[in-house]
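Same chain, two partners: chain A is paired with chain B first, then with chain C.
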Partner chain A sequence: MSKFQPITFYSKEPGNVSEQYQLLPFRFTRFEDSSYVATNIAGEYTILDHSTLQAFVNHKLTATDPAYITLRAKHFLSDSHSQMGPDLLAIKVRTRHERLAHWTGLHIFVLTLRCEHSCPYCQVSRQSEDKDAFDMSLQHAERGIALALESPNLNIKIEFQGGESFLSFDMMKFIVETATVLNAKLPQPKNLSFVAATNLAVITEEMLDFCAAYNIDISTSLDGPRDLHNKNRPRPGKDSYERTIAGIDLVRKRLGRDKVNALMTTTLASLPLVREIVDEYLTQGFKGIFFRPLSPYGFAIKTKFFRAYNAEQWLKFYDDGLDYIIELNRYGVDFREYYAATILTKMLTSQDPGYVDLMSPAGIGLGAVIYNYDGAVYASDEARMLAEMGDMTFKLGTVEDSFETLFTNDVFLMALEESFAYSSPQCNDCAFEPWCGADPVFHWGQQQDFSGKKWESEFCHRNMHIFKGLVSRMETDPFVKNLFMRWANGC
Partner chain B sequence: MLKLRGHVSYLGSRDQVPKLLHITENRELPRALRDRYALLDRQEAGRLVSIPEGFGAVLVRRTGIPQALEEAEYQKNEVYILPDDYDYLAEGDIVRLSPRTKHMSVVFRRGTPNNSILLTERCNNYCLMCSQPPKNNNDDWLLDEAFDLVRMLPNDTENIGLTGGEPTIYGDGFISLVAAVKANLPNTSLDVLSNGRSFANEDFARKLAAVDHPNFQIGIPLYSDDPVTHDYVVQAKGAYDETLQGILNLKRFGVRVEVRIVIHKQTLPRLVQTCEFISRNLLFVDHVALMGLEITGFTRANLDALWVDPFSYRDVLSQAVNVLRTAGMNVSVYNHQLCVVNKDVEKECRKAISDWKNEYLPACDSCTEKAKCGGFFSTQILYKHSDYIKPFNSGSVVHS
Partner chain C sequence: MAQFTLEFDAKGYSLLAVQKACHRYSDQASFEITQTSETSPIQIIVFLRLAGSEETLAQNLRIEVLDQQMREVVRVETAGVRNLILAHAFSRTGLIREDGQPPEILI
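And then the complex of A and B:
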């Protein structure tokens, strides 16, 4: 044995001597009474109690402390034993921001504002027969297609929105067919995909045939059980739920069971019904649900819907729903909450899921761009809703402008720069910054400030609560940790 | 366990230098070819009346030696007398015969997928559990011989391993050998075992990648996410950084890399964290292997510091595999018997022990899962294995 050295031979420098390590970039935020969540620059976290954190930042932590070994392995500190931290951090940060270099992948075409539903929380729709006033013109559509194909991104998704997108089915057909033909002629054709947002109330066999032929995904709205859904989403005949369910069934039959997903919006009436809402999604064969609060835009504000409940009420709804979903999984039901899954990907992997609201630099323009029915180009879906309220701040230009002109719009670039969370007041020293995002449209809409005063920001309040809730659930329960690892990795 | 190398009796006198020879049992081989072959004679006692001339060597069993043969006959014909251990030798195998040291090594067996070429016994690591304890002698001749051997191997060889010691101590010589394998054995996959430290030199990693071997993988051990633990296990300061940098460089140039972790008392406490580290920092490696201890070499000397019963860490192993699997990585468990792991890692358990040192316990005969199980290293049977080995019975619900 004498020819082998003991571990103390390898650990003796810096050993118990303090101040022999360097701090790598990290941040901490109070978690529970005497503990903190600390994150490194790549979003890896560890929980530190108060005294450990204090010793750590004061260079007093000894190398024999188990926390020291974890902090070194997770690249919060660097000492003479390893110089790899900065290189590995750089790789992780680069991986996280990889999609920035690919530029905009999601191109949303607002085909029409017309809709036969009259949902009080809707941001934009119109009850109108007037096709000329609220539908996209051929000319605008052609320009929109050209712009979409001009994006350097090799994966282009074209999404159709409304109003009810299938009320403008001819235009949808035109865009799908034209984009497909033009794409094939590109020197390097893109991986082109389509998705149509629809309430499924007016979908016909002919439309489904077309969707099948062009592999178009369907994204629909389902707010919960029949009574809630029909209350939230009124239409002539009061049969929105029946039509949606029949539509989902039809789409699955014709296009395949994974070709339709659904989104819900939380209203005051939803608040006591979170289990029933989840059960409805289970009954309809969905693998998960995305709990969405009302957005402070459009009719939601006019009709006072947005203020009908406060952030605390919504977060309670969210927590109850998430805990219910975790319980379902405990009993072997594979079901997930997609907002949590999105955040968990940022927490537990080096990937970024590219969710527009949780990107920094902000996802507006870079993650998605909107070609409105009237030829206006907006930096995000929320930006066009703001425009419907008369605020044109995030209008990049019109489809007649060049790609370069649109994406070098001064206000757009300023919004990106000012809201960049890493250098934004309060965000820059928040442990959750690597998991969070910049939402300049929200903060502009609420506070006329791209960055936003975060202590007054509902966006900040809501996400902080969710981040802490996710950490606390997985720190206290190994089952949840494993479940969350699966959600984070999309498996 | 098959004996692959050892002492033999040499009755010849002509040769002084070691040589590589194909095994043949064909006494009628044309004379022009004979000096590249060792004639294996399996005749019964006394039946060998004359020794065919011109073979590179003649291998006979002790019982096959006829009394009547003149001593001169042996000397002329380079006769070696083999102990019974080598009964498995067969047509097409390749042996190295060293007349001066009266030593024979079986360097290639045609009937097995587990052929490795030992390139050196030197290494700049000194791992606590090394199964091939490093020596400091100059053994460059092993590399020279490897070049010859590569040209002798049948070109339908499925896989060949290059191992050590540390094969990359030869620098450019190692790169040339990989190129020679690619040129001479275009259909053979190549596995190299290395500590990866040489590839901390970016140019060296680039050179290996430039060979562009179409079916190449290099297995590199990373024993901990903690640099001190890794350096301690491999008994070399700074090894952690060099190995990590080596892995990064190899992946930067597109070389397939397998990360290998041997599980023992020193690596077990941070096994899950190490797998988390790999999934977070090295997601781009091609395969991760979690390996049980082979009870040979230094492991036997350090057994108290290393041994931990696999049955006692089965839950930790499950979680380690789960971390890697969930992250979408390819993960395998080597050298663990199915009765000492949890059901959830059965899919990852591979039969990974080379056939010549792979055995089962008598108790395994009644086990219904024996065919699926990788079994034991012969040295585990001899010296140390789990106390919880228990055959599966049909109808048993132990692991359901």
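And then the complex of A and C:
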């Protein structure tokens, strides 16, 4: 028997124009005036005009219509030519959600709340440098390590945060050394890695030697050019920028060029300076930037920094910055915007990059868990920021609790269930749901609602705008489509 | 409070589609939805938050109800295959039991 279909199978003659087809699960959302973005259950998308969408849903689309071929290729329909469609879709869905079965991989230790910076937008409600009461104890650190190693995930990343994490360097050393020893004793040792979030202002050669010995990555803050950075990030000596740049240089020389990444935070003063901020990142030899708005937590709320600009202003900043980065790439400069790249990975591949804010079920607890300096355990970094403001909703328990007790916390499970975008009102119908996430901490903080009223949600508004902007740029410019494909695949 | 009324034929539109369309525009108005029997028209009274936007909102609501009705057609028609795909996708994760019940322990 031939392994190949007869030639008539591939015919586009009128004989099989009225092909019977079955719809596969998909969603659609209005895109431009008369067109829609449609996504299948695995997040692949296509653009359809209204009449094509209507014909498709009503089984009136003919097999010779170009849209039919696309819809079949992207698993929006199955017919006699594509009986494998549902199986392939299932494999893609499985790949996209494979993180769920692995459980929590990122374990964040808040070593201290002390910090020598006094940034008015700080989301961590820092304490002054001399208050030892805000440091993690050995006992709490030991319990945190035990919990981290108890996670079923074979890839465990321990991240150190503050305050300024290197102000508690002895504790960092203790956790790294203890976790490494205990991990080696496990029947099946995990792939253990470390990252330290730091402003680099107090980093020393001794600290760098230790980071080199244990392969610790460095994540720092760089808000832009000198004046902007120093304005945003005041410290004694008014030299935050100089110390950060010197620190980046030291880390690269001692640990390697790719061992340091930087994050920026957008303040009101940043808004007119997006090109200068990108240029600063280029000057410092970074391969990309993550445009990050202010988060509504901690000092950013107390000092009213969070409300200094609105969503529309930030989105204009984002659009201008993204367009500038695209222009740089047209001139051969290899540089990317990491938030766009994260979304594009979800749009254009079957992978989920595991970015906590864009996960559904929500990434809280499942994607990351926080061991606070005082022994409290929170479902996310934002959850502990909310707790510093007096709202303990997302406190899972303490490090003295068992792993099972922490992760079967009733409020935590309720937040996951109620915010699950797949069944959340409006998200359930939204074509962008496979690319988006549930952010119950943000919505609880803003609206006292785990799911959030989407018509009032800044999270929804911001992400919808970015999703549409990415699709629009790809659909109108082949260069951008090619560029975005590379960003999506990490090339 | 400015208000207006819209009616949808129950032969062409489901109550759920109308409810979802109204929910979509909750930022602009509140709604009272009534249907006296399964075959009688679905009536919505629209209470506007801001007067003067009646015409635009009425037009948008009609379009949205049509979209929601199409979504319902897709959802109903693909329910079986969607469940099959999801069951297959999660079959080896331990998140779904063979009898279709959720696992006893969530971790």
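FYI, the second predicted complex is superposed on the first by the 466 of 491 C-alpha atoms of A that agree within 3 Å, B and C clash if a C-alpha of one lies under 4 Å from a C-alpha of the other, contacts with A are read in each partner's own complex, and residues count from 1 in each chain.
Please note the rule applied: contacts are C-beta pairs under 8 Å (C-beta built on N, C-alpha and C of every residue); 3 or more make two chains touch, one makes a residue touch a chain.
A quick note: this is a predicted structure, and the numbers were derived from the prediction, not measured.
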item	value
Contacts of A:317 with chain B and chain C, given as first, second, both or neither	neither
Contacts of A:53 with chain B and chain C, given as first, second, both or neither	second
Which of chain B and chain C A:100 touches, first, second, both or neither	second
Chain B versus chain C as contact partner of A:83, first or second or both or neither	first
Chain B versus chain C as contact partner of A:31, first or second or both or neither	neither
Which of chain B and chain C A:467 touches, first, second, both or neither	neither
Which superposed partner A:290 touches (first chain B, second chain C, both, neither)	neither
Which of chain B and chain C A:44 touches, first, second, both or neither	first
Touching partner for A:407 - first (chain B), second (chain C), both, neither	second
Common interface positions of chain A, toward chain B and toward chain C	87, 91
Touch list for chain A against partner chain C, complex	22-28, 30, 41, 53-54, 57, 86-87, 89-91, 93-94, 97-98, 100-101, 103, 152, 403-404, 407-408, 413, 425-426, 429, 453, 455-456
Complex interface listing, chain A residues touching chain B	1, 3-7, 9-11, 44, 63, 69-70, 72-74, 81-84, 87-88, 91-92, 349-350, 482, 485-486, 489, 491
Residue ranges of chain C in contact with chain A within the complex	20, 23-27, 67-68, 70-71, 73-75, 77-78, 81-82, 84-86, 88-90, 92-95, 105-107
Complex contact set, residues of chain B against chain A	126, 128, 225-229, 231-232, 235, 237, 240-241, 244-245, 248, 266, 270, 273, 277, 279-281, 283, 298, 301-302, 322-323, 326-328
